[in-house]
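Please find the structures below.
Here subunit A shows up in two complexes: once beside subunit B, once beside subunit C.
After this line comes the complex of A and B, so read on.
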């Protein structure tokens, strides 16, 4: 391969990787905050995102809702749905028996339920395309070309992440979430309501998933199986260490760029398998991920 | 009393098998064969989740490895017993490798890496066209047993039934043996198990290997009555079916797995044409059991102990 072509591919791969990586980073953030504060590895993350895409599609296409109404409405409904799931289902599963495996099975149940619902609604039968509000056209940065939609996705993701970190650092709610993530008992002792914080965290995670869905839906076809994207988010979270918020973001970009470079240099068919190879490699070499810290030994 | 019940049970099963062989339609025989395969596959997951307490989401991959390995051996005109052995062993070797990885991780990391392995294997099945036929699927030649070719579901049924009973018996023996107790000790507390002299690492490895062996053997059983396999049927949904069987049956209970396999094997087949209902029902069942009866339907029937 020509050196010039290699350089072009690297630029394009990194640019496109940053865009898709931003979406993976958002979903990985949603996974990580939920895991830190409620100990749940949310295997339904992808399906929440999928259901959010269909909800927005439904509002815009069937109810002909204006975009400016449909977007906040989608985010609100998904926030509420996630909080209700945490309150009604997960809180109970955790109280019966605090085994993480049971929690994982419950989220697998939710993921199947959501898939079934979307199929049942009749929308999931054929792939659908989402109307785009961003004008067509592309921008050239260096030698890489990005569409306007790509730029909007990237910038919005960064803004959402920044808002999120701001909330975590400076607001009372965010600090309560962090406290619960660090030490649940101590947080409860200083007067933080665990029930409320855990619901809020799920609502947040739902909101982030809905935003990710709204951002990337116009780029993809809607299908019931689109929740597969969550495996990339999981890969991102694992690369970052699963409990680290900055780790999730960095992991998202690493996965996004790796995926795009593999697509350009190896073959587009190998893209699908990239996240699994990355997951396996990271888990073998560094079971705690890049930002996961040292292995904690649980003592009796 | 217990012995009498056991004898009556065996007699009922034999009588049922004879009646089935003589009178049932082809579809019902096919269905029973499929249920028995589901049972052995679920027993595989039971060994790793129920006995040793490690989470695995890779069972459709082991099952697929068993199917392809057995089918390839059958294509090469190997006798069935050898072909089945190849299928089981190929899966067991992969299980051993996953088990080695599993020594380094637990809970969520283990769930994710086994999930990743399952998805990666499905990709391999789909793309390694020279061996698996890729998206065109693989045509499985008829099984040869003692020089006699098995051409129909009805002819395969006695073989499938005998194998299923053997694997069920082996799982029961394992459950009641010292080895089974050692596995459950690891499930309850690794530290306590190590303190009484159980080799925790060896037990975890053995659980994964045996579990994969059973799943691979289930794949081998599948090839005796099926003529075609496509990677699409080896995806995550198969893993979820088996997980549902084990969870609803009651994690840790062998007879629970048997009951779960019958219920969900049937449900799976009945709802095949209605994927939306199937997914909603599975989803609701998984959530509901985790909420109200985490120890499974049979524990719920017996009343909480």
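After this line comes the complex of A and C, so read on.
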């Protein structure tokens, strides 16, 4: 392989990796905020993302809704649906103490329910495309080529992440979420409503998933199995430290770039194992994840 | 005395009936007037489009034969089962057809993995099995005494045929090949690699996960290697992502999309998002001509006559409908050749001597050692709207060699 090709692979691998990494980062963020505030590893994250894509598709195809109406409507419905699920299902399951695994099972139930709903709709049998508001065309940066849609995905993801960090840092709601994430009992003692905050967190998580779905849907194809991308988001969260929000974002970009570079320099066949190799490397070198903070030793 | 004679007579008569009865019952599914065939495929579920109308086509062909007087004095009686393209459902369907319905032969299967799941049971049962449109390489190789198929095409033959087309028609010396990193992909690669070598072409392979979402790496590697043509033998999802990415990365060499990737060309264009991505695309086709064309008109006319209500519905006949004809022809021709005193062994022997032209691109040929029938494809240039037939038929040369 000559140097020119190596340099092309590096540039394109990093550029494309940043785009797919941005989507993994958004989903990882959604996973981490839920885990931090409700102690639930949401195994339905991928299916929420999948269902959001199909919901928007359904609004556009069946109800002939304009795409610019379908997008905010989808985000709102998914936010509401996630909050209702937390209130009606998870809160009840959580009220039975000592069986935290039930929470995970409840999210798995949600994932099967959402897949079933999409299959039942009759739209899930063949891959479908989602209309894009971004015109066709590509931009060349160095030797790397990125479509206008890629650039919109990357920039919008960064904007959503920035808004989310701003909300978490500077708004009352965001600070309440952080307080619940740090110490639930202390947060309740100072008057924060755990019920409300946990619903808000699930709504936020749903909203972020919906945005990720709407960003990536025109680039990929809609299939019932598209939620498997959440596996990569979990990988990103683990690499970042699972409880760290900046870690989730960095982890997303690392996984996205690593996948592309391994695909280009090693083998396309190795793409699928790359996230797990990265996880193993990170866990060996820094078991708490890149941004997981210092290891806490509890003494009895 | 008279009573004793009567009793002996009754016993002798009963014994004779028993002998006659045994002779008829020796081959389950056969009576003096009927031959029972177990027909199965996906009649429901997400893979219904692979089999529902394929089964309908087989049934309408059997009905035609019955209307013409049947086979050697017997009418065909079909027992249908829905396998949903699921290994468990297919195995259950086959067991029911063999053990409960006592069919004479099996005729079914539209999906590869499920038919492979039934292989061991069918071999043990000894019941002859003519597959429908499943490629079924895992059940066909190594050849089994009573299993026949690839009546659309085997995955090995897909690989060989696409390479033949790229080498001979497009004149490609450096071939790019993207397949799946599963058994399906390994099968077509098994024939594609050697055929490329025989044709004197350099062969570059990228195997991808069937659920891949970012195809930058395989496409960019093909572009950087400056291949003369790129062959895609992937499912619909990856194939469409690759076509889209090839356009984004300005890959301007011919791309050959194998038949196992796409069922609906219009949906493919919609999914790729731009007709410009189809400036240099070729589509593999297994039928002798364009679906719905004059050459195949008799099949579509027969379908409209047999299923007027279904034919009036949008989406029918489904794309793979004509694929149901060759398996039914195999069953009918072999039964005819086996004669009035047909047995399962005679039927199997008759199948192994079949060589005929059907609606498929190449001849349907079986031998004692080759139980996969269809080896060839035709190709179309597809510009995103129109299919233009490329002259010629392109066949795989791969043959099974025992270790």
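For the reader, a short list of remarks on this structure follows.
What we mean here is this: the second predicted complex is superposed on the first by the 287 of 300 C-alpha atoms of A that agree within 3 Å, B and C clash if a C-alpha of one lies under 4 Å from a C-alpha of the other, contacts with A are read in each partner's own complex, and residues count from 1 in each chain.
Operating definition for what follows: a residue touches a chain if its C-beta (ideal position, glycine included) is under 8 Å from a C-beta of that chain, and two chains touch if they have at least 3 such contacts.
The structure presented is a predicted model; accordingly, all values stated were derived computationally and were not measured.
Look at A:159: by the touch rule set out above, it reaches neither subunit B nor subunit C. When the shared chain is aligned, subunit B comes close enough to touch A:110, but subunit C does not.
Looking at the shared chain after the overlay, A:269 reaches both subunit B and subunit C.
In the superposition on chain A, contact of A:287 is made with subunit B only, not with subunit C. In the superposition on chain A, contact of A:182 is made with neither subunit B nor subunit C.
Contacts of A:141 after superposition on the shared chain: neither subunit B nor subunit C is touched. Once the two complexes are laid over each other on the shared chain, residue contacts for A:67 go to neither subunit B nor subunit C.
By the touch criterion defined above, A:119 lies against subunit B and subunit C together after alignment on the C-alpha atoms of chain A.
By the touch criterion defined above, A:223 lies against subunit C but remains apart from subunit B after alignment on the C-alpha atoms of chain A.
Counting contacts as defined above, subunit A residues 119, 124, 269, 272 meet subunit B in one complex and subunit C in the other. On subunit A, the positions that touch subunit B within their shared complex are 35, 41, 43, 89, 92-93, 96-97, 100-106, 108-117, 119-120, 124, 231, 234-235, 238, 242, 269, 272-273, 275-277, 279-280, 283-284, 287, 300.
If you check the complex, the residues on subunit C that touch subunit A are 46, 48-49, 178, 181, 206-209, 211-214, 216-218, 220-221, 224, 236-237, 240-241, 248-250, 263-264, 267, 270-274, 276. In the complex of the two chains, the subunit B residues touching subunit A come out as 49, 55, 101, 104-105, 107-109, 111-113, 115-117, 119-120, 123, 127, 191, 240, 243, 247, 275-288, 290-291, 294. Of all residues in subunit A, those touching subunit C in their complex are 5, 8-9, 12-13, 16, 20, 119, 124-129, 132, 136, 138, 145, 147, 218, 220-221, 223, 225-226, 228-229, 256, 259-260, 262-264, 267-269, 271-272.
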